[in-house]
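Two complexes come next, and they have one chain in common, subunit A, joined by subunit B in the first and subunit C in the second.
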Partner chain A sequence: MKYLPLVLANLGRHKKRTVLTIISVALALFLFASLQTVTTTIASAANFGNARRLVSTNATGIVFTLPIAYANRLQAQPGVEAVTWANWFGGRYGDGKRFFATFAIDPKSYLEMYPEMVMPEEQKQAFLRERTAALVGKSLMDAFGWKLGQNITLQGTIFPGDWTFTIRAVYKPTDPQIGEDVVMFHHEYMEERLGRPGQAGWYIVKIDRTDRAAPIAKAIDDQFRNSSYPTKTGTEQAFNASFATMWGNVSLLMGTIGMAVVFAILLVTANAMMMSARERTREVAVLKTIGFGDRTLFGVVMLEAGVVAITGAVIGLGGAKVLYKATHFSGGGFLPGFDVTGSTLALGSAVALVLMVASGVVPAIRAARLPVISALRQVE
Partner chain B sequence: MALVEIRDVYKSFQRDTQRIDVFNGITLDVDEGSFLALMGPSGSGKSTLLNLIAGLDKPNSGTITVAGSMVSAMTPSQLAPWRARHVGFVFQQFNLLPVLTAYQNVELPLLLTRLSKKERDERVRLALGVVGLDDRMDHYPRQLSGGQEQRVSIARAIVADPTVILLDEPTGQLDAKSSQEVLALLRRLNSEFKKTIVIVTHDAHAAERATTVLHLEKGDLIRGDAVPSLRSDAAAAAGMPR
Partner chain C sequence: MKIPFVYNWRSVLQRPASTAFTAVGIALVVAVFIGMLALANGFRAALARTGSDSNALVLRRGADSELSSGIDRPTANLIATSPHVALAGDGHPLVSPEVYVLVPLVRVGGDSTKVGNVVVRGISEKAWDVRANVRVVDGHRPTSGRAEICIGSKVVGRYDHAAVGDRLRFAGRNWDIVCQFSAGGSAFESEIWGENEQFMPVFRGEAFQSVSFRLKDPAAFEEAKRALEADKRLQVDVHRESTFYVQQSQLLGDILEFLAIVITSIMAVGAVFGAVNTMYAAVAGRTPEIAVLLTLGFHPRSVLASFLVESAIIAAIGGVIGCLIALPVNGFVASTTNWSSFSEIAFNFRVTPGLLLAGLIFAVVMGVAGGFFPARRAAKLPVVQALR
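The block that comes next holds the complex of A and B.
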């Protein structure tokens, strides 16, 4: 610690350069944390799912619907405790720049199926009572500045026309993977406006025992195999994972971009450290004359690199953690639960450590090995 | 027994294909508490001799012993702590670290010791007091005059209470008034604090302050008393009758 004033004084020699280098490191680590968090959020979404919930979709594809009449037949299946359904609505609000998901749901059964969606009881009852009521996630309410009781008009993209709803309830999920950038309304209202086509997008089935998930899923699919609307049933986790695979090998892409950025900044930082060390050739020679040993000088230069890397890491990684938390960032609803995890912070710290060693080691060795006499002769 | 013993030292440099012999078997004793001035023309090996005593350079052969330690046989890792303990070095160009205050510059050698912060503080204040700059300790080198910078440099050299103080042209960059102040300070360090001082100089005034003057010419040492022209030049420069 007694060398810290010397280290800080050296860094203060070219304040602009030091500040810019720290900002470079901070930005690189901020970006690294952000890209890494995209990966962890997708992975987390793929892992989300209650083991007692199954999802049945049209076997042809998720964009095709299933008859609403399947609800009773699913309920009658042995081992099934509850059934609910939902439709992707595809509405947009205003200029549509802020994307969010809109679902038509069977309100009562859906909220019973998802106790993770928490809201005041009176709001829940108000939502259940009113046919044109909407249930909205808290972060979406904040993003648009909506108020409880306000009317909002969505433009249907799949089902054309203006759809006006009254916000009667606001939910906050206990599990971040549920997502808050969502508007939900009564499936019955959609059926009514569309002339009762009697279709559901997908079914969610609650089963009695997790170890019976596979046979119950098979039994459901077997039941509808030869119908006009065959089903494909799997666990909720498998259903979510299938969405995650739509991102492709995002992890590799994000990781590659992240490491490329870090490598570029490594070169910038190393260059700054080299310049700083080269400018101080005379001073290093003087310190050696005073009695500073090779190891001490090596340590002092490494400490300088460490201060730059650590300061950059604290700003970059800490900034990412705080910023995404404070803004409830969710990638427009595509990345619910977007939060810089402890493992990402640890990985980012390790990257900062590598940055410190890689940028500091060459100038540190040069300082340690500097021949005093020739260095002094160069300047005298 | 002498504090510094230089025995039969040979030193040469290789410049491209040419070999330049600086010393051919030089021998010298510097007694404890003495004030030795080394004079001579440029390239005569004055600074090289200073570097050899400080362990900054190695002789081709021969031995250099300082306070009983054979400096010429030490490894670089042994030399660094030895220098911190035994040598105070003052340069012609002051060589203060511009980013540190006078106080911090003087404190540098003490960072290598086990002294506490409080003990370091006492020593730094004492050293700056000795050179008369205790009111300038928070000033950066750029805020000091050349003479003040050199006095800070001397404070840095004496703060760890070294065995020997080596000065390479300490007045070379100073005006006459500042030179006199620095030389008076060196004289005081020698007479009052009994510090052993070896000074390399072109300055006849500086040589006048020394107790012993040696002249280096073509790698040979000639005692100053045996160089009448040198003495007379020094006397003339000092305004004394020949």
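The block that comes next holds the complex of A and C.
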């Protein structure tokens, strides 16, 4: 470490170049972390799910519904503790540019099923009491600038017409995978307005023991197999995973691009390091003359590369972590819980380390092997 | 007087390693730039090609996608009798009332949770004529009254059992795949087609989702739209098919384009810094040379221009390499869910000549931006000191 002042002095020689190199490393790692986080966010959405919750959908496809009468039959199933249901309601607000989900839920049982959705008790009671009340996620409230108690009118895309609700409760999820960009309202109200079609989009079932998920799911599906509305039941995690796979190979593309970026910046940095080393050929020769060993010089040049790589990594990775945290970035609602994970940071640091070795090793070896006499003669 | 171009060219060749590093750095930026825009481009093109200017698409009023729409039989019949509908050679209207649903199909090589939501479109016999871009390439059209389906060419090989002669199971029934169709690279190629009357009872019952028809006079679309939307018996919105599908690509197309621009601009900054570093080193290394040029009477402006040209040469080399790297992705099939319609769509990366040109220009801009400050330093060099 006693050579650190020497390293810093070397870096200070061409301040502009050092700063530019550090910034490019920082940008590369910022981008790397961002793209990696897209992948990890999609993956963690696929892994989210309470092991005690099962989801039943229509076996024909997610766009088909199930009769509301299934609720009682599901409840009667051995091992089932609680049942709730919800419907997808395609709601648009204003110009429809800001996407969010709208669910018609069975209020009481749904909130009991999802203790992850936290709200003040009096708001909860107000929401449960009023037929046309709405429950809205905090981030969506902020996005539209809505206030508690305000009336909002959504245009139904599946169920036509204007639907007006009063915001009675605002929730914050304890788990980021529970979306925050959601409006929920009473399923009963929808049924009433549509002339009681008696349909639920999907059922969520709470089971008594996690190890019985598979047999209970099978028992549910067997029960409805020969009805005109067969079900497909699986764990909540499997349900979410099926959504995650919808991104197709976009996730893979992100990874590939991330690597291309890192490689490009690696070249840039390696180039800058080599240039600065070449300019200092004479200095290195002088250092050798006054007694610096080959190994020490190798270390000094490597350390220089290390300082650049590590400073860049701290700025880039730290910046990504702080920025996304502070701005609550969620990819327009598509990537809830977007947060740079510890493993991404570790991976980024490893990349920085590789960067240091790759960009430092050639100049370092060159410095170590430099023949003093010829170097001193060569320059000028 | 201008400094001869060959001076720059020889200077570039003097430093092959550092030139190569900078050029490859720029090449990668250009490659990513072209690759990502080719993705966005391909996605938009697939949907833009889906609709035709001469067709109209009728949905229930307020519906923003085919999936959320619903049109009953009487309404569909009324639309078919509209005077704005073109007639086929046999005197029947060129109209196709369609059933539109999504079914989960298991992907090839995945377990049963890895499913894609594939569009199943129930069509009338006339749909093959209404959609002029659709062509059966293998097998024969589904026979009316039988459980037969035709699959789009991008469905083939991507899901289990998706091949002509095989059998798919959905909606509790087996369906014989009797043909495969291509549709000019459009989103239709990611769909499964069958007879609407076959699909209606097994899916949502007595209702269509949309009605597509050929306009008698494509120029009179506004007139047709007004007439149908004003009809009190119908509660419908009429879209020109081409504009409708372009709109369906808006959301995801914008996201992809936004990503392309953000990612490449961040990368570009890095690459420009690389160019700056290289050029500063070039200027520093050739200080006496530059001083000689200035002494000989070359105007500082010429020196500035000369170094900018040099930086641009390096960048242009990078640009060409980048184009060459990006070119092979042309035609590569990507698949993702189009969140506007919730359906999975497969499409080809499209590298167009325009995109390649944009990549080259982008490269040169990066080169000039990176070369500017070093070139200015060269031009402002104090001659006497530099010569010493």
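As a working rule, the second predicted complex is superposed on the first by the 372 of 380 C-alpha atoms of A that agree within 3 Å, B and C clash if a C-alpha of one lies under 4 Å from a C-alpha of the other, contacts with A are read in each partner's own complex, and residues count from 1 in each chain.
The rule we apply is simple: a residue touches a chain if its C-beta (ideal position, glycine included) is under 8 Å from a C-beta of that chain, and two chains touch if they have at least 3 such contacts.
Because the structure is predicted, anything quoted here is derived from the model rather than measured.
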Partner chain in contact with A:Ile373 - subunit B first, subunit C second, else both or neither: first
Of subunit B and subunit C, the chain that contacts the larger number of subunit A residues: C
First, second, both or neither for A:Thr296, with subunit B first and subunit C second: first
Which superposed partner A:Thr60 touches (first subunit B, second subunit C, both, neither): second
Contacts of A:Ala238 with subunit B and subunit C, given as first, second, both or neither: second
Subunit B versus subunit C as contact partner of A:Ala326, first or second or both or neither: neither
Residue ranges of subunit C in contact with subunit A within the complex: 17-18, 21-22, 24-25, 28-29, 31-32, 35-36, 39, 60-65, 67-68, 101-104, 107, 110, 113-117, 170-172, 202-204, 235, 251, 255, 263, 266-267, 269-271, 273-274, 276-278, 280-281, 284, 334-337, 339, 342, 344
Subunit B residues within the subunit A interface of the complex: 51, 54, 56-57, 76-77, 80-85, 87, 89, 91-93, 95, 97-100, 104, 108-109, 111-112, 117, 156
Subunit C-facing residues of subunit A, complex: 14, 16-17, 20-21, 23-24, 27-28, 30-31, 35, 59-64, 90, 92, 96, 99, 155-158, 160-161, 230, 234, 238, 241-242, 245-250, 253, 257, 260-261, 263-265, 267-268, 270-272, 274-275, 279, 332, 334
Residues on subunit A engaged by subunit B in the complex (per definition of touch): 2-3, 5-6, 9-10, 12-13, 282-283, 286-294, 296, 372-373, 376, 379-380
